[in-house]
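Each chain gets a letter, A, B and C, in the order it is written, and its residues are counted from 1.
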C-alpha cells in the first residue's frame, strides 16, 4: 500500500492511514499540536471552533464504542458536526457495494471519514477513491494498523519521558493479532527510540516482526523487561483467536502477565501502558494496572487531544496555525 | 447508601442519586429553577448557553429510549455536548469491568454521567468512584429510585395545586416493582404533603412501604381515592413480573384500574398523573388518561425543565444564578 | 387522504406529506430555496442559523440509514438539534400505541417529526394528530409516496435541463413496489413536463398507474426510451417482493436493464437518474451508472439542499425570506 496516498501534491498531510512513510517532523508536529489541545480539554468550555461547519462521518464496519467515542468527542470539541454510520445495520444489507456507500455519503458534502474495518487496507481503499477535498482517518483496520492509537502512545511517552533517544521500550503480548503493535514499532523507530523490544510467546509473534529491522525479540518476559523505561502491554485479543495459540489464560498470566514482581526488573521509573480494555489477571495484574507506574488512563485522555490534532491537521493543512481560541 | 455522597464539602449538590436526605429548600430550589426553564422550552429558540462546552454522557445499561431522550434534550437545550453510550452493545462485552468502563470515559474529560441500570445502587456506586469534578445523575436504578421522575411529578403538582400542605395524594398500583414510588413518598413527605396514601393489592406492596412512616396504606381502591387531590398511577411493570402476582389484566383493571366512575370519589379538581408509558385498559381507562383531570403529558413537558434544572444545579453549584439568557 | 392537511389556515405550507394538491408555484419555490442552499453546502462552513434552537425528531419505524442521514445532515446544517428515535427498539415494545408515542415526544416541545414508516398513510395520520406548532415531513410511507425524493429529482432535472415543458421523461422499472414513482408522476405533471412515460413489465405496473392521466405506458423498454431527455430508473425492490413477479434477475436485466446500447435510443444529452441504492447488473449496467449521462450522485447532493429547503419552509412559513446568512 502506497503511503504517498497520505499527502497531497503540495506535500501536506491529507489522510492519516498508517505511520509508514511519515517523517519524524510530522510526528513531532502532531504531538506539539496535541499538547496545545490538552489545555482545551481541561478547561471549563472544552471547545474550539476550528472545524465549525465541517461534517465528520464515523464509518464503523465493526462495533467499537470505545474508539468511536474518542473520535466523536474529538470532533465535537473541534465544533464539527458528527454523523455516526454503523454499516453493519445499513445500506450494505441492501446489497450496495462499499464503493457505492462511500460515493453516496461523500456526495452529501462531508469532509472526513473515520474508518474502522475488520479487513486490512479498508481505510487505504477508501482514501484512494474519495474526492480531493475529503480526508480519511484509519481508526483500525484488521491486523494492519491503528495509527492514532500509536500516536497517542507516543504522545503519552513524550509527556512522561521527554527525549526518545534515551528510551528502551518493550512491547509485550499478543503481537500476532494486534493492530497497534506494528504502528508502535514504526513510530518508535521514526522517533529514534534507543531500543525497541518485542516480548511474546512464539505462537503470538508473526514472522514479519521477527525479521524486521529495529526490533529485538524476546520470548522470555523477565529478560525482555530488564532495564526498560516503557512497557507497552497489548490486549490479549481472545475474541479473535481461532485456534489453540495459548495453553490457558492462567498459564499465559504465569508466563507473560505483568505483575509487581516482574515490573521490578524494569527501570525504577518505568511507565506501564495498555490500549484497553484490559483483561485483569490475564495480561496484567490489577496492582500494576492501578499502581503508580501505570499511565493507562492518561493514554485515554491523551487520545482525545491527539485525535483533535490529527483531525485539525488533515482538514486544515499542515502549515496552518492552531491558536487555542476558545468559543 | 449514604446520601451525604450527594453533596460536596462546601455543602453544595454534586450528584443527584436519591431524594433521601435532600432538604425541603433544595427541592424547592430545583422547582424554582425548573420554572425558569419552562419559558425557555416554550420560546422560539429553545437553548441557553449554561452548559456550553460541557460533555454529558448518557450511560444506559438498560434500554429506555423515552428516558434517554428527555435527558438528551435537556442537555442539548443547555448547549452541552451529549454522548450516548449503550453499554449492552459496548466494551463490557469484551469483558471489561464496570469500573474500568467508567474510568475510561471519565478520562476523556467528561462532566456528567446520566446512569440507568437494572441494579439498585448502580448510580451510587459510580458516584462513589468518579473524579471530583464529575457529577452523576440517577436515571433509574433497579427498584430503588428514580429521583428525577419524582421531582418532575412534584413540580407538576406544584404548578397545578400550589401549596403541598393542603394536599392528599394517592400513589396507586404496582408499588413492589416501581422505582418511582419510593422517591415520590420521600419527596411528598419532605415537601409537607398533608397525607400520602399508597393504594395497592397486597401482592404488589413491599413490607418496607407498609411499615414506613408518613404513609397510609389502602388495599381498597375506592376507599383509597376518597377525597384525594392528586392521583399518581404507577405503571404495571408487566415485563418485570416473574411470578404470578396478579390473577389477570382484566381482573386487575376491575379492582385497580382508574375509571371515570372511580375518579368521582376523589376531590372535584383532582389531577391524574402517570409516569408513562400507559397501559390503556389495564391500569387506566382511556377516558381518564385523555380526560380533563389528566396532566400526564404536562408531566413529560415538565420533565425536560426539571432535568435542565438538576443538570444546571449539579454542574454549576447551588449558589450560582440562572439567568434566562438566550443564545 | 386530504391534502389540505398540508396547509395552515393562512394557506402556508405546514406539513410535507405528499405532492398531491401542491401548486406549481410551491414546487418552484422549494427548488428556488434549494438553489440558495446549494451554495451553503459547498462552502467551507456549511451551516446557516435558520433553525437554531429548533428540535427535529427523526422518527423511523423502518430502518433506512441512507434516508435518515440526509435528513439529519440537512437539519444540522440549519443548526437544529436532531434527535434520532428508532421506534423498532423503543417504547412500542412496551406496548405503547403510536399515538401515545407521538403525544409523548411532542410534549417535549419538539418542532418537527421526520417520519418513515412501512405503512401507507402513517405520516398523514401523525400530521392529523400533532399540535398546531409541529410540522411533519414524510420520509417515505409504504408504497404510497416519498415526496422529498421526488422533489430532489425535480430539482436535479431543473439544474440540468431547465424548462420542464420541453422534456420527455421515462420512469422505468418496478413501479408496483415503488414509493417514489407516484410522487414523480405528480410532480412532473404539476411542473408541466411535455411527456411522462412509465416503462415496466405488466407484473410490476399497478392498475392505478395504467389508468391515470398524464402518463403513457410502455411495456417495451426500447420503445419507451426513444427520444427521452430524462430516464428515472427505479430500484428493483427485491426485499419487498413476496411472489414471483419476475422470472430471474438475469432475465429482468435482459429486458429492462439500462445498458449503453439502450441508452443510445434516448436523446443524445439524456440524463440518467436513480434513487439508490443501485443494483448493478440488475436494473442498471455499471457503465451507465458511472458514465457521463449519470447524475445519480448529484441527486444525493441535491437531496441535502432540497431537504434543507423543505424544512425551512414548513418551520418558518412560506413567506419568510431565506437569506444565505452564514454563522
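Keep this in mind: a contact is a pair of C-beta atoms (placed from the backbone, for glycine too) under 8 Å apart; a residue touches a chain by one contact, two chains touch by 3 or more.
The model shown is predicted, which means the values in this text are computed figures rather than measured ones.
S.K.: Taking all residue numbers used at the chain B/chain C interface, answer same if over half belong to both copies and different if under half do.
M.R.: Mostly different residues form this interface, as fewer than half of the numbers used are common to both chains.
S.K.: So if I superpose chain A on chain C by CA, what angle comes out, to the nearest 5°?
M.R.: Answer in degrees: 120, to the nearest 5.
S.K.: Per the centroid of Cα atoms for each chain, what is the distance between chain B and chain C, given in Å?
M.R.: Chain B and chain C have C-alpha centres separated by 41 Å.
S.K.: Which residues belonging to chain A are in contact with no fewer than two other chains?
M.R.: There are none in chain A.
S.K.: Contact residues on chain A for chain B in the complex?
M.R.: My answer: residues 41-47, 63, 65-66, 69-70, 72-73, 76-77, 238-239, 276-280, 297-298, 300-301, 303-304, 327.
S.K.: Applying the document's contact rule, which stretches of chain C touch chain B when the two form their complex?
M.R.: 52-55, 81, 83, 85-86, 89-91, 94-97, 100-101, 103-105, 107-110
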